[in-house]
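Both complexes shown next keep subunit A, but they swap its partner, so subunit B is in the first and subunit C is in the second.
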Partner chain A sequence: MSTPTTTAGHAAAPAWKEWVLTTDHKRIGVLYLVGSMAAFGVAGLMALIIRYEQMELGMQFIESGTEYNGYLYFHGAAMILAFLIPGLTGFAANYFLPLMIGARDVAFPRINAFSVWLFFFAIILALLSFIVPDAPDIMWTGYPPYAVTTAANTSLYVFTVHLLGFSSILGAVNFLVTVIYMRAPGMGWNQLNVFVWTTVAAFVIQLVFIPVLAAAVTLLLFDKYLGTHFYDPSAGGDVLLYQNLFWFYSHPAVYVIFLPAVGILFDIMATMAKNRVFNYKVAIYAGIWGIVGIAGIVWVHHLYIAGMPDWIRLGHMVTTLLISVPVGLLTISLWGTLYKGAITYNTAMMYAASCLYLILLGGLTGIPLAIPSMTLHLSETSYVHAHFHFIMALFSAFALFAGIYYWFPKMTGRFADGGMATFSFWANFVGVNLTFWPLFIIGKEGMPRRYWDYEMFKDVQVMGYSFEDYHLIATIGAFIIAIGMITQTINFIYSAFKGKPAPTNPWNSRSLEWTHTASPPGPGNFGGTDVVVDENWSPYEYNTK
Partner chain B sequence: MIRIRTLLASVFTACTLAAFPAQAQYGGAVPVSDIDPTIFHIDEKKHLGAKVAGDVKLIDGLGQEFALSDKLGKPLILVLSYYSCDGSCSVINQDLNAQLEDLTGVTPGEDFNVLTISFDEHDDLASIGVFKQHLQMTESMNGSWTFATFKDKEQIKPFTDSIGFNYFWSPQDRTFFHPGAFMFLTPEGRLARVLYALNSAPKDIKLAVFDAKAGAFKPTDIVDYAISLCYSYNYAEGKYTLSIPLFVGVGALSLGVSSFAVSVLFFRRRSRGRLNS
Partner chain C sequence: MTSDADTAHAHAHHWEWSWAPLWTVAGTFLLVPIAFSFYFVYDDLLLTAIAAGVGTVLTLAGIAKWVDEGLSETPLLAGVANIGLPIFILSEIFIFLSLFSSYWMMRLGIDAWPPEGTPHIVLWIPLVMTVVLVSSSVTAHIAEEKLEHGNLSGFNTWWIWTIVLGSVFLGFTVYEYAHLIGEGFIPSTNAYSTAFYTITGFHASHVLVGLGAFVAVLIPALGGRTNKTFVSCVSVYWHFVDIVWFFVVSQIYFW
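Right after this comes the complex of A and B.
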């Protein structure tokens, strides 16, 4: 048996070593995808446990409130910090952004490799929660004083945030420099894919805001383990300041997730509808950058019930409502892109289309939460829980799945579409509606978030049904999602090896990742010829009349 | 500063003089105090946000009746003392007087009112006059600071209890034991902050007034308001201290941006190096 050799005649490195030591942005993207999907799987399992526990009144499965808090912690932290953000800005940006701008790699490939391994270390650290006897039980928010006084291991949370934050900062720096300096010759700013714009915007937000979260949790660590009192009011600290610092990053983090998800939708919809992006410049400069501009001045709506001067509440109500304007502009552009289009309805497009429903529902249900007088009633109820799942978690996860189906032929040379894909889409779509609609209804009636039981509501009826009935429906929905996700995962794995072979550009896209690269793209992305575009080139050059 | 020293010297002298009878009584041995020290503090956890009875009737030094609510509508510094006190009351009020004179940015009478009420049912117009004379207040302060007694003696205890102000009469010492507190009420009459005499500085008074304003400020106050956000109240020390997490958070804002700037410089230098080679 001969030893594989490289073209230079050296012995080829074993496959595992090539992956571990890779600096290729595409492989790093795949590593992010694998890691984020693994985190999604475990976080999803936690969600099933949470839902199963709430299915009936009383104790079902969980033995203590602390244990329940532990599941909530992992679900929230893993979904946001280890699945959505790395899935969208790690996987999608790493794999496709350099291809879209005609770059052979990113500006700092080694730093890129370092950041993916920081991400994996963070996941390992988070997974330690299942091994250590005193797992973190502080949600993904880590609010003091509980995070300081709890016997649980807050340091795991803090170090996970540090690693993910550092990884994100490195990624942000890398991709911003890449887009600014490594675009293909001739490619102007108004010729970029919307996904590139949204990713740049997301990285700007990460770069500016994430160090604030890192600083906030570091001081939390000091309070818990070094005996400082940064957040202890009895000794001169300010407990509410933590919440302000936390949400100063964590609300913009919603847009770190939301924006790349919207970018993916634009690219899919333009391609599948064979239309130019409707109102491209408005979407970019007013929509995307409008969100970035306002993202940093809306965080206080998370703290409306914490006590503050009315004018601050009023100001943040205005800014929170105002951010619906750029979001609305992006939504109009998405609908406009489909208008009179020759739409191909494949799995990617079905996921993308369902996002239009999710963004509408999530957006509209957010309006009451922007208004202080209504938030006083709805705050900390499962209404909020349902709202942010629709607008952030479900919208972005569906957009990411749309992206995976859309780019699957590029990554593997094979289609992932088929019966299993269609079945899993409908299972997921039906499941999310069954899970979260009931939570809106009982949340409006006062069902608290984060409670493991609801004995106090056992006699309350909403439209003739008890809270328990609604929880039962939600739990059935969650298990339907689980069936959909398992089917989808099997489909991805099967299709990657045995799927129907796809041509290089199966969707007839005009974007560089489809027109100028093989499937999957080789080292250097574009073979021996550098990509050059002319001033009339556009990634959405479909109907040029 | 000189005034604070004078006040401290007065307290020291009063304590020294008080020690002579104690020396005679206890023969040099230090007596073990059985006074619960918590009486000198207001339990802020319990009483911050408590609303005082605005309709309580008071009588000022001119014998005119008014309701507490007449002094509200803007922040109110409330001092509970008694006018026949020959101990700490004059020190407490003199300390406040000294601090208000050194105050900048907020003006008594314009931005807030000051009200001293006696919780001693025996106080009357005459004792108010003697007490005020003893304080030697400036004319401007005189106009914005009201000294009063309760009209209805039955209202004294419920009123003081409502904001956690505890006191008791010691027959042995022939004095009231009570906190030396400056209580800052919001324009609606809710307890917003408590500072203690001889433990606070004009800066603390100003920040407490901002706290009591509950976020309302004039456009000209915007710098002062922004500065006030840099401080947080330290319950252990009873004064305001710089909010370090805020500075750390704001400082952290520059971390990402500066790392981006360094990366751009590094990338450009590397690109130039490649071109030159």
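Right after this comes the complex of A and C.
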């Protein structure tokens, strides 16, 4: 860290200590951002290898199916656990939630530092899979019996989940206490930024559901290394027990990612449209908390073809379809927030606007997957793979990038907007559509997920083209995304040091992180005086007379 | 980032930092994932010992530093850990619920219980352990009362009694495990041993963490430094571990 940083003239510590050993929520947020973007880079490289391998029939890049499994494992585990969750609930929540509620830090700053270190050591553990001879080859799901019988090192997977899980649980404790007790005097619940609400909801989900995942993988560890029989039917265990425990967390994990992403969009859209949040209370209480309420009773839709009784599948079909109601309410509020607004289209807003399209496609393609009779056909095909990439990889990642552009002036005092930003946005947007549209089409015709090859489909034609042609388009799309992402990363690094200087509130936002702090905020966030708000204050107070 | 300097001078704060979280995480990392992998996956005793040894030292150093800083620095909002800990316990409840549900699923799916290969489980041990653990909750509460009335030496005495009782509890666990393993009842024996060692072991690990926390409170308290929030958090955690034990006893031994 070469950035010169001075202290307040006393107790001068070297700048690296004030960064690396920091307990300040903003700097911890930056550490999360750096770590999650690094994980994104490596996991993105894995995605390129996967796409390159599938571009043509036969083996091009990999030397064995096991090697391919290793890339799939790292791509999935790192994207979800080390990029999206830490990027949204680690970086964005850490840096901006305390600023938005007028707090000087989180309730437990050292536990916050503890969380970020758990995250970094989890990444180290995941990266060890490139060094050890027996890298985990069990996807990010780790299903038994294979995860138990494989010769690969399942313990690396289990402990990566443990470290990240513990990190998130402590984060949840920290942020829930912070929001309940450290809001600025006068700030009522209906005056919170939507991002604050979505983060609280995401942490409630983390708090309740992560322990179940932790238990699932712990039992996996015991089964493999201590010889217990939890997932061993020959001694009274049940492999489906793992799948139930796993998805009991991992479906709600989608909302841990989805909700803060939506929260970022609300804050950007209200600011850029200079408009109130449409239907604020409906979005919060029915939308966000509706999702939290239903999140825990839809997981069986991941197990439709695993041999569940019909009555359970029917019940979960109803609840799964039902969850589109709160999601729909949030979407309506997003559109309504733009209605009759004076919209400024900068890079943040372009990303945010593209999210409205991505959520529409990602959401609608999920409806067939909620229905067991359709899932019998579509399950384990690249249709599923394309569907969840639209929600997770595209919608949520684009929302995170929108957030980075939006808050860039706050974090660095400089703009990241400009030619490179616009170019990288369009490259990413075109790239993701080129990559995932073809996968919907061939998935519907039976292209399996997770296979490194598709020899058995070489004579199948879809609309006059072979699977290979569709894979070629998808691979070209992936490389266009790579160009976009590399440009974007260069842009972020360049702009952080040499970008156009920005005023403290360049978007004329009403939210506290813009109105009450310097860019970047110093220690203690708000200078000498504590923030106090009155009952008429709102972070979205734009169209009052 | 030039404006850092300006804002830093504008008010009296400075950037806060601490070694404690890094040491604790690095230690735990070596002690659990790395040592486990060396032992169970790569079968290397020497490296296991090195990782576990360095890990233990780092973890203890980290916790000691953390406690020291916690007792000497003023938090932003005092006493708020009394809210944070119960929120954390909610998470703990769900992990125990997952373990118990897994046990119930196995048990209800098997016709004959206990399954073949289960030796006679001696029931007086868990009863005595229950008495010991409940007593330790009582002594912890008395210690807290003493502190409330400003009686630090009384607090120390009752706190030490709590540690003694907690250690006796763990001693019984070791005795029972040794006895059962001697009879050939090991984690891989059958469905009952699977659940038995997992659930009692997981509870015992919580007792161990609780004892560590008691010692972390005791050492500075013997030198006259303590903090009511710290004490009441450790105490509440201990009561939680105590209550979980009732579920362990009723489900594992007396069902």
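Keep in mind that, in the parts below, the second predicted complex is superposed on the first by the 533 of 545 C-alpha atoms of A that agree within 3 Å, B and C clash if a C-alpha of one lies under 4 Å from a C-alpha of the other, contacts with A are read in each partner's own complex, and residues count from 1 in each chain.
Everything below uses one rule, namely that contacts are C-beta pairs under 8 Å (C-beta built on N, C-alpha and C of every residue); 3 or more make two chains touch, one makes a residue touch a chain.
Since the model is a prediction, treat every value here as computed from it, not as a measurement.
Who does A:Leu163 touch here: subunit B (first), subunit C (second), both, or neither?
After superposing on A, A:Leu163 lies in contact with subunit C but is clear of subunit B.
What is the contact status of A:Thr344 with respect to subunit B (first) and subunit C (second): first, second, both, or neither?
It touches nothing on subunit B or subunit C.
Which holds for A:Asn190: it touches subunit B only (first), subunit C only (second), both, or neither?
Neither partner.
Between subunit B (first) and subunit C (second), which, if any, makes contact with A:Leu245: first, second, both or neither?
both
Between subunit B and subunit C, whom does A:Gln461 touch in the aligned arrangement: first, second, both, or neither?
Once the two structures are laid over each other on A, A:Gln461 reaches no partner at all.
Just checking: does A:Ser64 make contact with subunit B only, subunit C only, both, or neither of them? Give me first, second, both or neither.
A:Ser64 sits against neither subunit B nor subunit C.
Which partner chains sit in contact with A:Thr149 here, subunit B, subunit C, both or neither? Use first/second/both/neither.
After superposition on chain A, A:Thr149 lies in contact with neither partner.
In the superposed model, does subunit B or subunit C contact more residues of subunit A?
Counted on subunit A, the partner with more touching residues turns out to be C.
After the superposition on A, what does A:Asn508 contact: first (subunit B), second (subunit C), both or neither?
In the superposed model, A:Asn508 contacts neither subunit B nor subunit C.
Regarding the shared-chain residue A:Tyr225, is it in contact with subunit B (first), subunit C (second), both, or neither?
In the superposition, A:Tyr225 touches subunit C alone.
Could you give the residue numbers on subunit A that contact subunit B in one complex and subunit C in the other?
In the superposed arrangement, which is not itself an observed complex, subunit A uses residues 107-108, 169, 172-174, 176-177, 180-181, 207-212, 214-216, 219, 230, 235-238, 241, 245 for both subunit B and subunit C.
Touching residues of subunit A toward subunit C in the complex: what are they?
Its residues touching subunit C are 3, 5-11, 13, 17-18, 20-24, 27, 103-105, 107-111, 113-114, 117-118, 121, 124-125, 134, 153, 155-156, 159, 162-163, 169-170, 172-174, 176-177, 180-182, 207-212, 214-216, 219, 222, 225-230, 235-238, 241, 245, 412-413, 518-524, 527-528.
Write out the stretch or stretches of subunit A touching subunit B in their complex.
Residues 107-108, 169, 172-174, 176-177, 180-181, 206-212, 214-216, 218-219, 230-231, 233-238, 241-242, 245, 248, 308-312.
What residues of subunit C sit close enough to touch subunit A in their complex?
Per the stated touch rule, the residues are 1-22, 24-26, 29, 32-33, 36-37, 40-41, 66, 69-70, 76-77, 80-81, 83-84, 87-88, 90-92, 94-95, 97-99, 102, 105-106, 109-110, 115, 186-188, 190-191, 193-194, 197-198.
Which of the residues in subunit B end up touching subunit A in this complex?
214-216, 232-237, 241, 243-246, 248-249, 251-257, 259-260, 263-264, 267-268, 271
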